[in-house]
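Listed below are the structures to be examined.
What follows is a pair of complexes built around subunit A, which joins subunit B in one and subunit C in the other.
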Partner chain A sequence: MSELISKVGQYFDSQIIDLFIGYTQGNNGFGKPAFFTNKEQLNKLTFNEQCIVNLAVYLRKPELKKYSKIGILANVGTLRAILQLTAENQIKDGQYLILTVKDNKVIEFVNLKAIEEWVSNNMPEPNPERIAKMKEFEALTQEERWAFWTQELASCVRCYACRAACPLCYCEQCVVECNQPQWVGVPATGLGNLEWHIVRAMHLAGRCIGCGECEAACPMEIPIGFLTQKLNMEIAKKFGQIPGTKLEPDYALSTFKVDDKENFIR
Partner chain B sequence: MEYRKIKIDKLSNFINAIIAKNKKLLAPKQKKEKVFFAEIKSFDEIAKNYIQTAFSAKSAVFPKCEELFSYEKINGETVLKNPPPPENDTVVFGVRPCDGAAFDYLATFFLKENPDFHFKQRYDKTILIGITCESGDEFCFCTSVGISPSDTRGLDIMLTKLENEYYVEIITDKGSKLIQEFSEYFENAEKIDKTKYTANIPEYFNNKLVREKLSDAFAWEKWDESSLPCFGCGTCAFSCPTCTCFDIQDEANPYGGSRLRLWDTCAIGLFTKHASGHNPREKQSERWRNRVLHKFLYTDEQFGTLSCVGCGRCSRNCPASLSIIDQVKAIMEV
Partner chain C sequence: MQEFEPKIVAFVCNWCTYAGADLAGTSRIKYASNVRIVRFPCTGRIDFMLILKAFQNGADGVIVSGCHPNDCHYISGNFHARRRWIVFNELLDFLGFDRRRLFFSWVSAAEGAKWANLVNEVVSEVRCLGPFVEYEKLSKINVNSIGELCNV
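Coming up: the complex of A and B.
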């Protein structure tokens, strides 16, 4: 940790950054997102396996506009979110100072291309528990899946914590906030809840980087991450695309290619 | 106040007897990692060994979505209908003292000035059985907001676990009626001192001093910095036992419809956004400030009571690990 602290301290000293987004030790054992504005605060900076919050979610905060250069400590999820946000024209090269730590060594990315390379060599292994659970879902009949999801989603309180926690949910006006016409029912009951989660999953299909923040933020313990994960698996199978791995836009559901194999689109 | 006791093994008989009498029984129930209040059909379903439920039992009297009225067009006439009152009593078992105090606050909010018909319908038929906390965690801070882990405020009946039995305090007429209905499970008892059986919750701040400090804190320059980790998910408000803000929505078709009251949260921008597009709380820090001031200052000015009961849910559930205790302490250090 001392290398990280001294390195970030140097950035403050030489005025390369005036804000650093990282983690401190939280009460619950997990890393707690923290915002450092000077060198003296850095003694609380920490980074370990338990630092799982995707810090890329903060990059869109209007409060950050007053800082001229921001540094960010990124885990793989954060790096993948940064790549996907770049592909979607939300981040420019050189806009942020991006660091990660691997095997106690601090890595500073010289540009976004370097992140692309690093991510391709450090893609996390899929979680075996989640794969097993996904297999369980896939083994269910359509009726059983419908019953499962209608029951789970009935408990949704529509706090939209899933949306707020998602680094890829950056629309200035979300479809659920549109009331002329009212596309999605507002009450936290059956149909509206289903509509919201279907809209959310479809909008993230092929864009979700699988960080799991939506599910972690859900106060009702609804396993919503499986919806986007499944859609991503389908997209990977049919189009060979894995979101958050490339700087260039590569988005199955909105990209037109002249050599598309389907006739209807031509 | 009257006192009774009930043998530990009789408690399940008492609870099962309530259910057998067709009363709706809400109790803490394990979901996955967390415990939620849910309707149970047997005592065995009640969760054991937990500190606090993820959400309070607020929804028993103030549901996340409720119909205020419905209307129907019949032969050119519009017929209005109030929702029917609940048929049976709802008994909420296992209410923590902080949540009891929260129910007391909800009753003040909804009934004091302009009694709310819908809240009253439910509240009058809801009986709260509290339970003294034997332990707390690092998020509990009821003692800092003037509540003790064995407080009876807002509850109808209070249970305290002793060595071989539960000590029963009967606080209200509603509570007394319920105990009389099931009197065979209870024995008479004398008043005892509950201290020995009550959790020791540290006092992190003095709420009187906090209130004084906050009355001058609107322009505090550190609201921005201290709320930076907040990404506006609203979980704090949705899981808060005293948050009462709601949204009104009409669901209609050409033949009829209904007006609904839904939970809302000041943590999201849409909450204060005007039709003009202007938003008086443009930034997350302004929303966070509103939350802190509302809990520790505004309701005290309005009703003479804080609207934070120290249950710790906002911090326990916060995906960004923001702590209300740390926030108040930081303000006190200014």
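Coming up: the complex of A and C.
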């Protein structure tokens, strides 16, 4: 940790960065996102296995525009989000100073290409619990799935925390805020909630990097991460595209193959 | 009791299915009058939100139809649409949405008879399913009625 702190301190000294986004120790054992603007604050900087929050979400926030050069401490999820944001033309090479820590060694990425390589070598294993849960969902009948999801989504309060926590939900105006026409009903009724989650999942299909921030942010503990996870599994299976692994744009829904297979078009 | 007449919304592309439906008309082919046709420039324009909107407004069934693959007026609009439908279809299926109420089809400008058959099939299938009450019920559910929903 001291290596990380001294390194970031040097960046502040030589004025390479004027803001560093990292973690401090939170009171629930997990790392808490923190913003450091000078060297003196860095004694609270920490990084460990429990620092799972995806910090890439802050990169697109308008509040950070006043900082000229931002450094960020990234876990694998954050790095994948950065790759996906780059593919979507939201981040330029050299715009941020990106660091990660592996086996107590600080790694500084010289360019975004280096991140692409690092991610391909350090892709996290899929969580077996989630895969088992997904199999459970798939084994249910259509009526059971409908009952499960309408019940789960009925408790949604439409706080849009899932949207705020998502590093890839960066639209300046979201479609749910559009009221001419009103695509999705505003009140937290079952119908509006279902539509909102369909919209969210569809807009993230093939873009979601599966960091799980939406689910972690949900105050009603709705397992919404499964919707995007399911779509990504299908996209990987059918079209072979995995978001957050490439710098080049490779969005499943803006490309096609002439021989895409389906069995429901008459 | 009067027989249930389903409301069907059809989102069709200007260049193939709309012309196909036109051909069905000029050929004097009779088909069920339950369908309301909405014309779009291309299937690539048919956003999934439009389908949601149709169901939100009380449609019992929705047809989405356009040019056959390789026949798109804009070269690739229907290929993009097909991908979107594949993903959308998976999502609806995962949510347990009644997939029997959403129909996708390719109808070319020369297939007036196919269009008439499609509409007749859709209307009779949806008539068997009855009104889409599951969806209508949802609009009345709020946080306070979770108990009622779970039959507690």
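Rule of thumb we're sticking to: the second predicted complex is superposed on the first by the 255 of 266 C-alpha atoms of A that agree within 3 Å, B and C clash if a C-alpha of one lies under 4 Å from a C-alpha of the other, contacts with A are read in each partner's own complex, and residues count from 1 in each chain.
Just so we're on the same page, contacts are C-beta pairs under 8 Å (C-beta built on N, C-alpha and C of every residue); 3 or more make two chains touch, one makes a residue touch a chain.
Because the structure is a prediction, the values reported are computed rather than measured.
The superposition on subunit A brings subunit B alongside subunit C with room for both.
Once the two complexes are overlaid on the shared chain, A:V157 sits against subunit B and subunit C alike. Of the two partner chains placed by superposition, only subunit C is touched by A:M202; subunit B is not. By the touch criterion defined above, A:Y58 lies against subunit B but remains apart from subunit C after alignment on the C-alpha atoms of chain A. When the two structures are aligned on the shared chain, A:A188 is found in touch with subunit B and with subunit C.
Contacts of A:E234 after superposition: subunit C is touched, whereas subunit B is not reached.
Looking at the shared chain after the overlay, A:T37 reaches subunit B, while subunit C stays out of its contact range.
In the superposition on chain A, contact of A:N27 is made with subunit B only, not with subunit C.
Looking at the shared chain after the overlay, A:A217 reaches subunit B, while subunit C stays out of its contact range.
Touched residues of subunit A, counted separately for subunit B and subunit C, are more numerous for C.
In the superposed model, A:L247 makes contact with neither subunit B nor subunit C.
Minimum Cα-Cα distance between subunit B and subunit C in the superposed model: 7 Å. Applying the stated touch rule to the two superposed structures, the overlap between the subunit B and subunit C interfaces on subunit A comprises residues 157, 185, 187-189.
Of all residues in subunit A, those touching subunit C in their complex are 137, 140, 142-151, 154-155, 157, 175, 181, 183-185, 187-192, 194-195, 198-199, 201-202, 205-206, 226-227, 230-231, 234-235, 238-239, 252-258, 260, 262, 264-266. Subunit C makes touch with subunit A in their complex at residues 48-49, 52-53, 56, 69-70, 76, 79-80, 82-99, 103-106, 118, 134-135, 137-143, 145-146, 149-150.
Residues 31-34, 36, 54-55, 64-65, 138-139, 224-225, 228-229, 231-235, 237-239, 247, 249, 251, 260, 262-263, 265, 268, 270, 282-285, 315-317, 319-321, 323 of subunit B touch subunit A in their complex. The touching residues of subunit A, counted against subunit B in their complex, run 26-28, 30, 32-35, 37, 53, 57-58, 61-63, 157-161, 164-165, 177, 185-189, 213, 216-217, 219-221.
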